[in-house]
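Supplied in structure tokens, the structure appears directly below.
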């Protein structure tokens, strides 16, 4: 009950504050976008798997969005978000079939390798992706209506928050379902899980696909909010940031990554305004602080990580 | 045709030499501490920054220009001594035995902090200091000009492989390292001071990364983002060779260096993709790398 | 005689020159309680690993009710009806006992159900029945990782039972349990197996337990079965006594 009240108050603030402080509108949308991607990372972390390449799915969502708006006649916001999410989910499914055979460091590094291949291709396939300059993302239409950018931005925030509630609820259900518990069981005791007749590969592939779709949704929102996509979205440091956001916020539940993302985005804006080249340092130190002193993250738990990987 | 091949091989091997230093440090740290150190890339770029700064200082102070060579090693040693024991003691030691995810995160946080510290100390513009490269000049072999500095790099890397082998096979600390890698608990009960082995191995790892950066600085200069690039490349090479395998890292560096050189000549657009494609192909066929081994879990 | 539930034919496996299974032939009959005894390293656990697909044989065959399961994975074999417990209990240590068992129940009933919680009344009821079966009601809500050794052994067996296996392989169910508690554990276990109608194979070091609870004994040495038969006969054999039991 307490938690629901907190979430309600948080959402209310997210709607009201930008009316008074307009620049928060963008910060909040970006926090939701990054939060979705970090939530995807959380799913994998719950299985004890760390991906330093997950930003590739955020990038795929962003580039699908840019591609739809530029190359096809599709301009409807809802349709774009749907296609970007499903497209990234499919991409995640295909990559995941190969990835989820690996564990621990090999999983982390292979994900990084894939993301770096995609990063390099995005930067080099100029005629398709615009190369290092990236692609401009036009403002989508909403139910056929072409909106003024400020109106659109407010609407985008409300839609992001609505998606946060709906998708967050679905992920919450998933995490408490047998399949969600099996995901944690991959971490604590994969041998027992297999001996129960459950395919760890299948359990992980499911999670990997969902996590890619979540990142794709985040990527689509970020692309629309920023109005531009660049290959750096897929660079490994961005993937590292997503893990950082996840752990900063806490991996115990659905809310954590969004809190982490909000903190992250606010630090980014404040640091950019007042002290150049301190943003990485601040979030890095915050992460160290959370790891060393707040084993529960800003919201949830890092306990799972603290336990030695592999169980027993 | 033969000329081109020779050029490719020299370019490739020189590139391999630079990648080797940073990758072998990563792999050494991994085999002893069992930590995948993301901050390793920072040591590479800090090594490069320090080398460029000291090099410029040597030149501007009007000292003998050949002093820029020992300055490269001095820089790496400074970085290693200043950062190695400190990072190991205050950040890594606490994570031993914890999950890989946590270890990676701690080192990633350090990486972020170092990224901004470098920008604050050295600025964001690129620095160049190529006195060592200029001093050595070029050789004309069969009508093709080769940078002599490239030969120096290749020789340095070869010497490093041999020295590392000697260190591991012939010295006491090497035997301790082998024992710790084989079984930490047993090494401890044998009376080996594992803490000291960790500090030494980590510091050597930092030294190798910083040396890689220092040796690379005359060829490419140094600018923000260098450490991040070096790190992923080192990851790819270490993974191809098999994590924890020194000879594996050397072979993988040669493979990646030669493929990159070939890509630069024949398909320049794909030069950046090549190391990761090689990594994916190798790991598809041999998931634990060329020299890696699998350990089955006992139940 | 009825068809054996498990038949192992000419099984060989080598680990770096060590013969862990050397021409092993075993039949397990439906409903029986078969004990496996033998010195450490004689290949008892390897035999269980071979039967459940964790280790693949170099040659030979394993049949479950006439169908070959030789090359199948532990997962598929589990779904076909062989469950096992382990020397070191394999539990989900960060979950409560009842969650462990519910996960087992869910694994059997279908894990691909993502919008309803694991903790639902029918799963819980069934899980509680299994917990009762092994007498661990007291520990239902305790974390599996914090249970005492004997309790974890029983929990490990309970989670194996959730699959409703036809054959249960128990790897030293009483090791690590004090001599005093062993009989209590077996007194709980045997009726539970009977109630679930499970054929059981158990690796055991305690000869008193073997005499009392096994219907048949296989004596293992250096990867071979060197004697088989009812405990009273086999445990009188001087060769067995000397080599295996160590008296």
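Chains: A, B and C, in written order; residue numbering restarts at 1 for each.
Following the convention adopted for this analysis, contacts are C-beta pairs under 8 Å (C-beta built on N, C-alpha and C of every residue); 3 or more make two chains touch, one makes a residue touch a chain.
None of these values were measured; they are calculated from a predicted model.
*Asks:* Which chains does subunit B share as contact partners with subunit C?
*Replies:* Expected: A.
*Asks:* Of all the other chains, whose mean CA position lies farthest from subunit A?
*Replies:* Between subunit A and the rest, the longest centre separation is with C.
*Asks:* Can you give the whole-Å distance between the Cα centres of subunit B and subunit C?
*Replies:* Whole-Å distance between the two chain centres: 50.
*Asks:* As a quick test, compute the distance in whole Å between the mean CA positions of subunit A and subunit B.
*Replies:* Centres of subunit A and subunit B (C-alpha means) sit 31 Å apart.
*Asks:* Quick one: subunit A and subunit C, Cα centre-to-centre, how many Å?
*Replies:* About 43 Å, centre to centre.
*Asks:* Name the residues of subunit B that each touch 2 or more other chains.
*Replies:* 299
*Asks:* Give me the residues of subunit C that touch two or more other chains.
*Replies:* 86, 88, 90
*Asks:* In subunit A, what residues contact two or more other chains?
*Replies:* Within subunit A, residues 191, 307 contact more than one other chain.
*Asks:* Name, in rising order, each residue of subunit A that touches subunit C in their complex.
*Replies:* The contact residues of subunit A facing subunit C are 170, 173-174, 176-182, 184-185, 188-189, 191-199, 203, 206, 304, 307, 311-312.
*Asks:* List the residues on subunit C that touch subunit A in their complex, please.
*Replies:* Counting only subunit C, the residues touching subunit A are 52, 73-76, 78-79, 83-84, 86, 88, 90-95, 99, 102-104, 106-108, 110-119, 159-160, 162-163.
*Asks:* Report the residues of subunit A in contact with subunit B in the complex, numbered from low to high.
*Replies:* Interface residues on subunit A, with respect to subunit B: 45, 48-50, 52, 98, 101-102, 104-106, 108-110, 112-114, 116-117, 120-121, 123-124, 191, 235-237, 240, 243-244, 247, 277-281, 283-285, 287-288, 291-292, 302, 305-310.
*Asks:* So in the complex, which bits of subunit B are touching subunit A?
*Replies:* 30, 36, 38, 91, 94, 97-102, 104-106, 108-113, 115-117, 119-120, 124, 228, 231-232, 235-236, 239, 243, 269-270, 272-273, 276-277, 279-280, 283-284, 287-288, 297, 299
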